[in-house]
Structure formats: structure tokens, C-alpha cells
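Next, two complexes with chain A in common: one pairs it with chain B, the other with chain C.
On to the complex of A and B.
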């Protein structure tokens, strides 16, 4: 299955970017290394959301809840228990996926917007627990200075750890999207009624998609602690969910790599424009308005549509001959 | 093979299907006719599980399927097309058919196998037999109306059904397209040994093609018989043919 990936045209470019990112921390200042690591984590979160939103057509409105559950699960195990670190790192994604399954079981009975509304409510419940349960979670202060294992305690080492894990996750997601399951999920997005009529159990596949996506959100949550060393309730607040949603729209939600671009843009805007003015979201707003008018399918979505059009044109031309 | 008895379905006060009976033998080409609003589409939706009946029985191969959801009905061997072309507009023509073949082979939950190597031979064979093979890489949404309807039949064939249900397969088609499509349906029935149930407005088409015709009016079955007998039936003449 890897051979097919190697044959992809974009593979060369991706490999080159990956090599550049491997060398980057040796050249660029520490601060930029840190920002890059934050972008990787956020990109993974946005990619995991896009699996169900862009490719699955589900109104996953509160994706950050699962990101937070991943981060809190891993963080609490690292701080409150004497278990080895890797148990926390594995429990994070699994905890997120189990939460995704449970919340999904309730939400999946509802359609479209109602699905999203119920998810926001149930996700906010988790936020409230993290916010209120001072003894366990440290309430709105969160927990800071979470001890990391020796080999990823430095900035550079955690950067490489995050880079490699994100790359592995992206490859897995790519393979999943190109699998029969991925194809079926996209067919369900386009036409759930028809899917049911060809023998597909629509809800089971959607639920499976949610579990896979929330698992990857959990991985992103764990990687967040690796970079930041802290957990706090904002990680599972609905505002973050909205921000991640915007990243998908911005980058192009029917494309594979779009959310990465969206995440990079928003994190950069927040970091660099945010230091000059707290109104950096104004610029984001203007970008979004322009986007809706000129590139409704996102920045990379433009590319995708053009490709489809070119392909159709070429075919009809070759038929005419 | 399929046996429907005294089927009932109401939407609020309105009785859409109110005592429908239908018998289909293996290998038959059966048509359902009736004026607009007679309940033909509702009947089909009840058989394929899109709707649940209020009362009555649907028995397919000796199993009562009246309470099954659509995907389970499909797994039992009943595939269908819809009245309004119901395809996957963003996917390629090839993918449209492949999705149903993948579902048929129960591979739709496989996470780590490349989909583009799965079910290729079967999908290609189906696209060849309906004549869409040289459009296979086009986006399905870009097809003409007639081709979309053909693609719908191809999607249904991906399920290797025993019984194929076609809801007005020639709706909105030009006379030429109608002839081609009906010829295709007849050829498929012959080649694959398919049993086909369809409904249709064009009386000429129905009486030429069908081996058995069921006539519905106001949700009720008036008669089911051979075309000759149906033509002679006085109740049918009063209810339907006389008015046409």
C-alpha cells in the first residue's frame, strides 16, 4: 500500500518539506522552532477534524473536546500517577477515542445541525468537569510544568518527537482516506440515502469515522503537552473548536492537505500579528470574508476544483477526437 | 420470490398505501402502474426499507423483511434506483459503482488497503455492460441526465442483486433515451437472470416489456396479471386506461 503513495506526484514535495523541517531547528532561532512545533500539533488537530467534516460530511462542532480529553488523560496520568510515561501517551488517544465513541453514540442518532448542537452540549459538559473539578484538574488554572520523560524534555527533542509523530499520523490518515473505508465515508458525505440503499450501514461507518478522527485528536492533545508541558480548560473550550473548524474552511476542506495550511496561517497570524494588536482576529475576519466570496472551497480547494475541471475538459476533448 | 400482502402506510391523515398486494416470481419483469399519487414510489420505499409499513407483510425469499433498515434489505439481495437520479455527484463515475461493489463484498470497513485496487474488475465489467466505461474517470455530477439514470442502474448492479427495483427508470428521458434504457434493462434481465420490478408512466413501454403488471389506484392494488388480462380488465379500464 505504500508503493501507491510513493507514486503520488505530491509525494516528492512532501518529502522535501519534511527534510527541510528536519534541518530547520539547526538553523532557525528557538522561538521559531517552538512556533513550528505548535503548528504541527494544530495541523494534526485540524486534519483529524477534517476527516469527519470535509471527508465525512458530519457537523463535528466540538472537536476540541476530544483534543482536550487526550491532553488531560495523558497529563493527569503523568502528574498524578507513578506509572511509566508511555502509558499516559497511549492512554491519551485511546481516552479521546472512547469519549468520541460515547458522545458519538448519542449524536449519531441526530442529523446535521442537531448532531452538531448535541455535540457542543455534551462536549461543554466535559469542559465544565475540567473547569470545576479543582482537586483533580486544577480548575481554570490547569496544571503546569508536567514532567516529561528525559528524551523529549528539551525544545529540540520535543520538536523532533512531534514532527515524526505528526508525519506518521498524516501518512496513516492518508492511507485511511484512500482505503475502502475512506471511499465509503466520502460517498456517505455525498449521499447518505443512496449509501444505505447499496447496503452500507451509514451510522456505523459515521461512528467509526468519529472514533478514528477523535483518536487522532487525542494524539494531537498528547503532543500539545509535549510542547507546552501544561493542560488547561481552554483546550476543550468550544472557541477552540470553532478556530479549528475555520482552519479547515480556510485551507480547503475537500482537500487532504488544506487544513495544514489553514492551521499554519491561523497560528502564524495569532503569533505574529497578535504581538502587535489583540485585534488580530479582525484580519482573520477580513480573510474569511474574501475567502467566502472568491474561494468558497478554501485556498487549496481552488486548486482541487481547477484540477477536476481540467480533467473533465481533457476527457471530453479526447472523446471528441 | 417477493410477496407483498395488504401493505399499509399513512402520512398523517393521508393513506399513501392502503392495501397493496404484489407477487413476483424469479426471473420475471414486473411493472407497477397507476396514476400520479397512486402510491407506487411509497410502495417501493416500503419494500426497500426507506419507510416502515404501518401494517402488512413483505416476504422476500421466505423471510419477513418489512421491519429491516435499507442497508439490511440491500444485503438480502434487493437493490434499487430512485426516481430522481440519486448518485454521488462529487465522486468519479468509477467510484460511484465501486462504492456499491465494495459494500457488496463487505469491505467498506477496511482501513488500510488501497481502495483503487479493490473491486476494479467487477466495477469495470458493470461499466462496460451499461456502456459507461469511457466516462469512468469523469465526475459523476457532470454527466447528462440520461447517463446519470444509467449510472444509477450501474450502482444498483454493483450489489449483485437478485431483485432489482427501478423507480421510473426513464423519467425525464427523450424517446430515444427511453428506448435505449428499456433495451438495456431487458438485456440486463436476460444476461444476469435478474428479476426486475419497475414502475413507469409510459404505457407503451410497460405493455411491451413487462411479463406481469400490477395496477394501483389510491394506494390499493386493483389487479395483478399478464399484460393481456390487465388490458381486458374492466376495473382497470375504468380507473386508469379509460382516463388516459
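On to the complex of A and C.
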């Protein structure tokens, strides 16, 4: 499978981008290094969401809940216990995956819209608990200045830590999506009835997909506290979930790298527009409406579809000859 | 678990009544959401924003009219109409062009609408807290089991069933209500017999949003009107619709009652985590019956 990946045309480009990002913090100002790190974290979150939404066809409407659970688990272990840091860093993603499993068990019995609505609701319960449990979570203020281990306490070192972990996660996701499990998941998205008829346990595959995706969301949550050093309830808020949803839509659902592009665009827009106006959500809403009307397959999806169309035209032309 | 006050019959009954009045607000808002969900099959994420706009509009109208009794009653009628107008504009200018598309796009559109309406509300009314006085007729309280109970909450307990009966009569007895219900079940068939389905959808959408605005106007004297009230209500409304059965009005009623009453008893028993009680009720209902208590319309 690795060889497959190396043979991909886009592999060279990805490697070049990765090398450029390795050098970047040496050249660009500090602020942009920080923005890049935020983009990596958000891109990982969007990619993990796309695993179940784009490739799995599930209405995962409250993905941020798992991101937040990962961040809160790791953050609380770092702040409230004297355990070594790596326990927190491992517990974050595992906590997110377990939450994903529990909520998934409830939601998976329902179909499409029911699934999404129930997930928004149950995820909001987690938000409400984080919001109200003042003594443990700091309530709506959250916890700031979480102590980080020595080797990732600086901006540059945390940048490299995030970059490398995100790259590893992306490779893992790619391999998972190309594995028999990943292709089964995509088959279920396209035709659940037929998959069930040939003996695939549809529900179990979808649940596994949710657990894997929420695990990666938890990783993103842990990386968030490495960059920001704080946790707050907005991480679990359902509006963030829908914002991540927009990133996937903007980049392209059915492409592998689309959500990365979407995340990069939305995060940079938010950063730069946010300095001019306080009405960022209004602009986000307008962007979303434009997307729905003019570019429903996303930027990379648009390219991909155009390529398919050209190929089918060429094929029909050669058949005509 | 520490109790806030000693639990007496008076405390129980007054919490029951508070829960009931809360349930009626929830029902009015949720029935609109459920109606849109039943006919258009779209969970309207912007429903909470319309509820918020209803409350703000009620504030503006009643202040503009001097804040007296007349101001309040007129606001109660006009604020939902303002909300309905807003939703009609959004529906006819943009939303109606999406009916042929997949459902996810419709849902994302309502989300975009929520983002835009939220910021527009911030632009128009700002981030301050507003409050509205109930009209003199409904101010003060009456004594029930020797404990005072606000008259306005009793008024809400009366209004809720009236709206329910009105909505039921409308959907089951009038022609347009019947057409809307038919469109919920089989939209192609409705189109085939020569009815303009697009307008039926527009009507259903506007009616649902009107109910959201009505809920917002009715709730405004009992809470402080502020930004962010949209997020709270929409989550609760989603939960209620899910446990009640999608698109089923009586399911919305049953869900609202469960939600409102468990919440107010939660306040009695464990104030800090009162929110956990309705969620626990929701989890229990869905474990027993994953598709909601009553039959969903689709």
C-alpha cells in the first residue's frame, strides 16, 4: 500500500509542500508560524470529519464535541494531575474515541437526519457539562496557560511537533482509506443496501469509521492545546462543528486533500477578515451560500469532476471512431 | 447531591407549573420546527435565530408603542409577522431554488441563514440585555397551594394548548393544511395533480417560522432577551423533535412536556446540573424507542 502511495502523482507535490513547511518558520514572521500551526490542527480536524462525512456518508454533525473531549481530557490531565505529560497526550485521543463509540452506539441505530440531530444534541450535553462544571473545567472561561513539556513549550518547537504529527496522521488516514476497511466504508456510502446484501455488517463498519475519525479528532484536540496552551468550551460548541463542515464542503467532499485546502482558506480568512470587522460569521454565512449555489462539490471536487468529464468524453470519442 | 430547598408539596407543584409553562414555549417553537421538518424534510437550523428575532422584535415594537398593555399585545401579534416576513424573503429569494438539490445542501443553507441572521441581529439590536414588561393584566402572581405563582406563566399554560388545537385544526381540517400534509408524504403526487409544490413549501416554511417568532415574542417577558438565546433553544428543539417523532405535532407536545418538566424538577433537585435531567430523559426514551415516541410522518 505504501508503494501505491509513493506512486501517486500528487505524492511529489505533497512532499515538496512538506519540505517547504519544514523550512517556513526559519523565514516567515512569528505570527504566520502560529497561523500555520493553527491551520495544521484545523486541517487535521477537517480531515477526520471528512473520513465519516465524505468517505463514510454519515451525517456527523457534531464532530467538534470529540475534538473538545480530546483537548479537555489531555488538558485536565496536564493541569490537575502530576502524571507525566505523555499520559495526557495519549489519553486525549483515546477519550475522544471512547466518547465517539458511546455517542455512536446511540446514533448509529438511526438513519441520516435522525443521526445528525441526535448527535448535535448529545454532543451539546458534553458542551453543557464543560460549561457548567466550574470546579473541574473552569466553566466558560476555560483553563489557560496549560503547562507543556519542555521540548514543545516554544512556538517553533510546537510548530514542528504539530507539523510532524499531522503529517503522520494524514498518512495513516490515507492508508486507512485505501485499506479494505476504507473501501468498504466508501462502498457503504454509495449503496448501503447492496453492501448489506453481500454480507457486510453496515452498522459495525460505520461505527468503526466513527471511532477512527473521532480518534483523529482527539489528536487534533491535543495538538490544539500544544499550540494554544488553553481549553475553553467553544472547542465543543456545535457552531464550530458546522464551521468544520463548511471547510470540507469548500475544499471538496469526495477528494482526499480537499478539507486541508478548505481549512487553510477558512482559517486564513477568519484571521485576516477578523482584524477588520467583528461580523465574521456573517461573511462565513455568505461564503456558504455562494458555495451551495455555485460550487457544491468544492474547489478540488470541481477539478476532479472536470477531469472525470474530460476522460469520459475522450472515451466516448474513441468509441465513436 | 444537595437540595436547594426542602421539598414540599408547594415547591413540587410550583416547579411543576414552571415546567409546564416552559414546556408550552418549547412546544410552540418546536411545533414550527417539526412542521417544516415534516413537509420540507429539512431541520431548520435557523429556527432558533428566528425565535431570537421574534423576541427582539417584540421588544422593539412594545417600546415603540410606549411599553403599555397595548404595546405588548400588538407586539405579540406583529413580532411573529415580522419573523414570517423575514423567512418569506429568505425562502423566495434563495431557498426555493434549492428544492431539487440534495438534503444536505438545504440543511447547510439553513445553517448559513443562521449565521447571517445572528450577525444581523447583533448589528440591529447590539449585544445588550433587553427586558419587556408583561401587561398589567398578567403582572403579579396568584396563590397556588400557598405559594405565589406568576400570572404570566399561567397565561403561557393556557396559550400552549390553544396553539396546539389551532395547528391541529389547521392541518387536518383546512384544504391548504391537508395539501401540506400530503406534500409531506408524497411530493411528486401532489405536484402531479397540479398543485404548485414550491408554494406549498414556502407556505409551510413561513408558517413554521411564524411559530418560532410567536414563541420568541411569548417568552420575552419571562427572560432577558439577548444574543445567544438562539443556540440554546435550537438544541432543545432538536432534541424534542427527535424524541417526539419527526414531523409529528403531538410528538412535539409530548417531547416538550417531558423536557420542560424534567428540567424544572432538575432545578429543584440539583440546580447546577439541571440540564442533565432532560438529557437523561431523552437518552432513556431513545434507548427504548430509537425513532421517537410517536410515529414520524416520513
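Basically, the second predicted complex is superposed on the first by the 308 of 321 C-alpha atoms of A that agree within 3 Å, B and C clash if a C-alpha of one lies under 4 Å from a C-alpha of the other, contacts with A are read in each partner's own complex, and residues count from 1 in each chain.
One rule holds for everything that comes next: a contact is a pair of C-beta atoms (placed from the backbone, for glycine too) under 8 Å apart; a residue touches a chain by one contact, two chains touch by 3 or more.
Note that the coordinates shown come from a computational prediction; the quantities given were computed from them, not determined experimentally.
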### Query
A:279 contacts which: chain B (first), chain C (second), both, neither?
second
### Touching partner for A:289 - first (chain B), second (chain C), both, neither
second
### Message
Just checking: does A:71 make contact with chain B only, chain C only, both, or neither of them? Give me first, second, both or neither.
### Response
neither
### chain B versus chain C as contact partner of A:117, first or second or both or neither
second
### Task
Scan A:36 for contacts with chain B and chain C and give back first, second, both or neither.
neither
### Task
Figure out whether A:239 sits in contact with chain B (first) or chain C (second), or with both, or with neither.
second
## Note on the structure
Both chain B and chain C touch chain A at residues none
### Task
Spell out the residues on chain A that touch chain C in their complex, using ranges where they run on.
59, 106, 109-110, 112-114, 116-118, 120-122, 124-125, 128-129, 132-133, 237-239, 242, 245-246, 249, 278-279, 281-282, 284-286, 288-289, 292-293, 296
### Touch list for chain B against partner chain A, complex
48-50, 69-71, 74-75, 79-80, 82, 86-91, 95-96, 98-100, 102-104, 107-118, 134-135, 137-139, 142, 155-156, 158-159
### Task
Write out the stretch or stretches of chain C touching chain A in their complex.
41, 43, 45, 94, 97-98, 101, 103-105, 108-109, 111-116, 118-120, 122-123, 231, 235, 238-239, 241-242, 246, 272-273, 275-276, 279, 282-283, 286-287, 290-291
#### Entry: In the complex, chain A residues that touch chain B
1, 4, 175-176, 178-184, 186-187, 189-191, 193-202, 205, 208, 212, 254, 308, 311-312, 315, 319
